[in-house]
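Lettered A, B, C and D in written order, each chain numbered from 1.
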Amino acid sequence: MDAMLKEITAQCAQYTAQGHVATYIPELANVDPDKLGIYVLLEDGRSYSAGDHQALFTMQSVVKPLILLLALMDSGIDAVRALVGVEATGKPFDAFNYSDQALTGAHINPMINTGAIALCTLIHGDTYHDRFSRLLELTRKLADNPSMDVDQSVYESEKLTGNKNRALAYMLTAYGMITDPVEEILDCYFRACSIQANCQDLAKIAHIFANHGRHPVTGEQMFPGAYAKYVNATLATCGMYDGSGEFALNVGFPAKSGVGGGIMGVVPHRMGIGVFAPALDKHGNSVAGVRMLAKLSEALDLNIY
Amino acid sequence: MDAMLKEITAQCAQYTAQGHVATYIPELANVDPDKLGIYVLLEDGRSYSAGDHQALFTMQSVVKPLILLLALMDSGIDAVRALVGVEATGKPFDAFNYSDQALTGAHINPMINTGAIALCTLIHGDTYHDRFSRLLELTRKLADNPSMDVDQSVYESEKLTGNKNRALAYMLTAYGMITDPVEEILDCYFRACSIQANCQDLAKIAHIFANHGRHPVTGEQMFPGAYAKYVNATLATCGMYDGSGEFALNVGFPAKSGVGGGIMGVVPHRMGIGVFAPALDKHGNSVAGVRMLAKLSEALDLNIY
Amino acid sequence: MDAMLKEITAQCAQYTAQGHVATYIPELANVDPDKLGIYVLLEDGRSYSAGDHQALFTMQSVVKPLILLLALMDSGIDAVRALVGVEATGKPFDAFNYSDQALTGAHINPMINTGAIALCTLIHGDTYHDRFSRLLELTRKLADNPSMDVDQSVYESEKLTGNKNRALAYMLTAYGMITDPVEEILDCYFRACSIQANCQDLAKIAHIFANHGRHPVTGEQMFPGAYAKYVNATLATCGMYDGSGEFALNVGFPAKSGVGGGIMGVVPHRMGIGVFAPALDKHGNSVAGVRMLAKLSEALDLNIY
Amino acid sequence: MDAMLKEITAQCAQYTAQGHVATYIPELANVDPDKLGIYVLLEDGRSYSAGDHQALFTMQSVVKPLILLLALMDSGIDAVRALVGVEATGKPFDAFNYSDQALTGAHINPMINTGAIALCTLIHGDTYHDRFSRLLELTRKLADNPSMDVDQSVYESEKLTGNKNRALAYMLTAYGMITDPVEEILDCYFRACSIQANCQDLAKIAHIFANHGRHPVTGEQMFPGAYAKYVNATLATCGMYDGSGEFALNVGFPAKSGVGGGIMGVVPHRMGIGVFAPALDKHGNSVAGVRMLAKLSEALDLNIY
């Protein structure tokens, strides 16, 4: 298995040259585009890895399933569904073109920025600083890694330049979908996107989603299985932006990508996977990361369809 | 199991009143909205049924996965992917609002009308009559039912009133995506939509998709497993129109609905399901049919996510 | 004045190289892109011309104001307004992206293809051949040129390749906005677009619109002045496709362009103008033609705003 | 003439009941919907009025032509055109649905919110407070009314609730079209919208646009005639939101409406008009105000087309 992962990373190294690291946040442009790593955690606790699996990157959109999960845990399925929908939008992750008629919760997906920003308002906490602390705490707990923390310079860069997200948040405000102060919500969101992780962290979190909320070793039910299925189904249809259909064909299991270059792969009942390769395709998905997952899926017959 | 299906149909009968039978084709408006049936075919060949499982209805969009399959079998994955994409469009099944920039194959999905019409051109045959005959033959073979045939009055009604499909087909022509005569392609498409089936037929077809192309009894590989996964993945992300995300959450396996009221459910490695209940929700999906599948999914833990 | 027109054509000849002749109809691609002509007809009957003012070209969209006029004359303002709107659409002339919600008469403009096709159904006549004959007759009468006729090869080329217009017409049918056979309506429309004219013809027609329907010499009121104002106002806001705002700024009077390279300019109470230069800009407007009109407008202070 | 205005207001009073006062800003909802006034200022200086012509209302979008004018005066035509376009958008005044591809200056119109906000950045001044002061000064000078000032409670209400405008401004920022601090630009914009005027003020300002920048009494050229034509042409194609085409048909001269209920009408070379009637139609235009202008246009033959 370790040998296979090694071979997969070797075969996929060439694809890093086909993408480009994200540049919309200045800090992200400094990442080494040739990095490439993978970490696989099986149901039974065995783990395998290859390449730059210890390299740190910011979670960016990979944190969205965790925002969704905490919103579900804090406010329940009904409140989440009342605020955001579940349909794929057929549009890029930061799309702005909602028509006036279309801007209802039903047209907002938790895996695109608008939806994730809205869901921050369903996380409990006296302040948005508290809400973020609870999100970070959950992330650390699921990843079993108490040292996870915010990349301060990325966070500051996001906050400084995140005007598209500001526009989306004020649009939500204008339509009465959120009422809290925009800058506070965004501060929580920008911090969340800036949490640093490595492949192992993603694999461990994915592992618990794959295991429907139950900790693989302790057996503790960390959150209801229904929430895991909710998140996993959402990842299956919308986790890879407008490359989700393609990913379902070529890879075939729930996953979430981020513009930091990470992808978290959830193979229900079987394994959690974390990959990292920061050169992105036009949808914002890691080029080499998607290739690695496709090869792994084929090699281990992970396609769930 | 029979008892459970009976209970599920009994519990879901109330939902038929929440929908409306399709009226865009005059013939479809004559269907009895209170009909309700289900048929389940397990991996091992055992079958169960309840309600109006023998009632005939026209397949309508349920035929789309078969059009996609035959296009794959005749022309291969590359040709299919070159013509139509795989992303959810976030739009209704007969949506017309492609912007000029967007009308490329990448934005056409095989599970919406535009894509299915385009795929008819990748089915082999000297004439479109031949192509349709081959599609009908494949359908009969997968359903193991040589008596399946076109509902002539529905076909004529579709042909007479199908101007939106004509518009979509001429749009494809205008953009150079299809070159054959529009009326011939549409004749094939309208006939395909008008094939009559019952719940058992859908379950048998679904069963073979669930079994990745292998006949459950004879063991014959009727088509490559890769094509089954292609179809199943497409159904998972786009099979229920712009209710696909919701269906993934609440039911959790690949399925295809049609405005005739049928839904074909594919549970990989486990079973094929056919349901029928012609009263539709706003997306064009059977209201009671979706409810039956949700209850069945919960009862038998069929959710793949 | 003749000298000035000569100078304007000389100055604007360079702009023919900045555009491209229309190619969406094969026949149109054969036109000499360097042609350039202008004809001006004053209120008092004096006329001036320069360049290739006698060269023939097909009217294409320049015929749209005549379709609108005849629809008004035959069916009245109320019927026209019930079928098509008057707002600029902000979209190209053959735009296809109506959302389902938006496709009502209010969103269709008589100066884009969809609207002009729809208006053919409000022209009287037992057959669409008769309707076209009446349109041609009106055109000849307003241009005072009984020899105007259809360019047969352009007409056949339009009919053969006009699939986008077919798509638009079937869309109108699908939404119940037109009920006559699509191919008959389109035959009338394609013939209308293929009527040949020269700069003088356009100037003479424009002259009558400028004169609010009254023949400048005979004094005959050829159609109600209210219809002239209706057409002129529509030209002012939408006559130059999505270059209409720009044209209002730079030229400042009602005008209608066609992809054949002609522009008909209407200066209320003052003059009718015809220009011809077949190289088009991205909006489908004659590059050099717009420049000639801008220079003429400045020289003679024709801006009405 | 006074008698005629009296009759027109009497005839149009019934239409106030067909509209609704704006409610998107709480303060605007308090206006008396039955108010109705008109003021006409002829080229030669004679003036006529009827109804509530002295009632004060906030200018709202009627200030947009003044923002455009001052941007032209301060930064010139090239800079204005580089930042915003001139085409009608076919969309409501506060439309949000720009696709990513479409958001360029060419698709932003100075008569919708996005464009007007952007143009505030082309007004000169050390601070946005200074810029606003210069805009107010220009407004007072054109209206010949030094007592014009901001309605403080409307301004505060706009500032408090103007989240859609915040969203639009951050979108402009995200696309690099504006770089100044959003809240400062919006403060200038909100103040501008909240300037109080009466019918006479609008008529006087319109009068100078009608007179192409020259003061009717003193003969002073207050700004270049080319800027007046620029503004007037923009009003003709886009001044009445997505009711501009309708207004061109039924009234036939450049005009600008605001959700405060005022309309400023510019009849080139002939007169300036101010009307006020706060009940609005679905486009945001004064119902009775449009009717009054239509009757006046017909009575005095003001249609320029």
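Note that a residue touches a chain if its C-beta (ideal position, glycine included) is under 8 Å from a C-beta of that chain, and two chains touch if they have at least 3 such contacts.
Because the structure is a prediction, the values reported are computed rather than measured.
Enquirer: Using the contact definition stated above, find the chains touching both chain A and chain C.
Expert: B, D
Enquirer: Fit chain C onto chain D over the CA trace and report the rotation angle, somewhere between 0 and 180 degrees, nearest 5.
Expert: Value: 180 degrees, nearest 5.
Enquirer: Suppose chain centres are the mean of their C-alpha atoms. Which chain sits farthest from chain B?
Expert: D
Enquirer: So, what's the distance in Å between the C-alpha centres of chain B and chain A?
Expert: So the centroids are 32 Å from each other.
Enquirer: Using CA atom averages as chain centres, what separation in Å is found between chain A and chain D?
Expert: About 46 Å separates the centre of chain A from that of chain D.
Enquirer: On a C-alpha centroid basis, what's the spacing between chain B and chain D, in Å?
Expert: 54
Enquirer: By the touch rule stated above, which residues of chain B touch at least two different other chains?
Expert: 99
Enquirer: Within the complex, which stretch of chain D touches chain C?
Expert: Of all residues in chain D, those touching chain C are 85-91, 107, 109, 229-230, 232-234, 236-238, 242-246, 248-249, 252, 254, 268, 303-305.
Enquirer: Okay, in this complex, where on chain B does chain C touch?
Expert: Spelled out, the residues of chain B in touch with chain C are 92, 95-100, 102-103, 163-164, 166-171, 173-174, 182.
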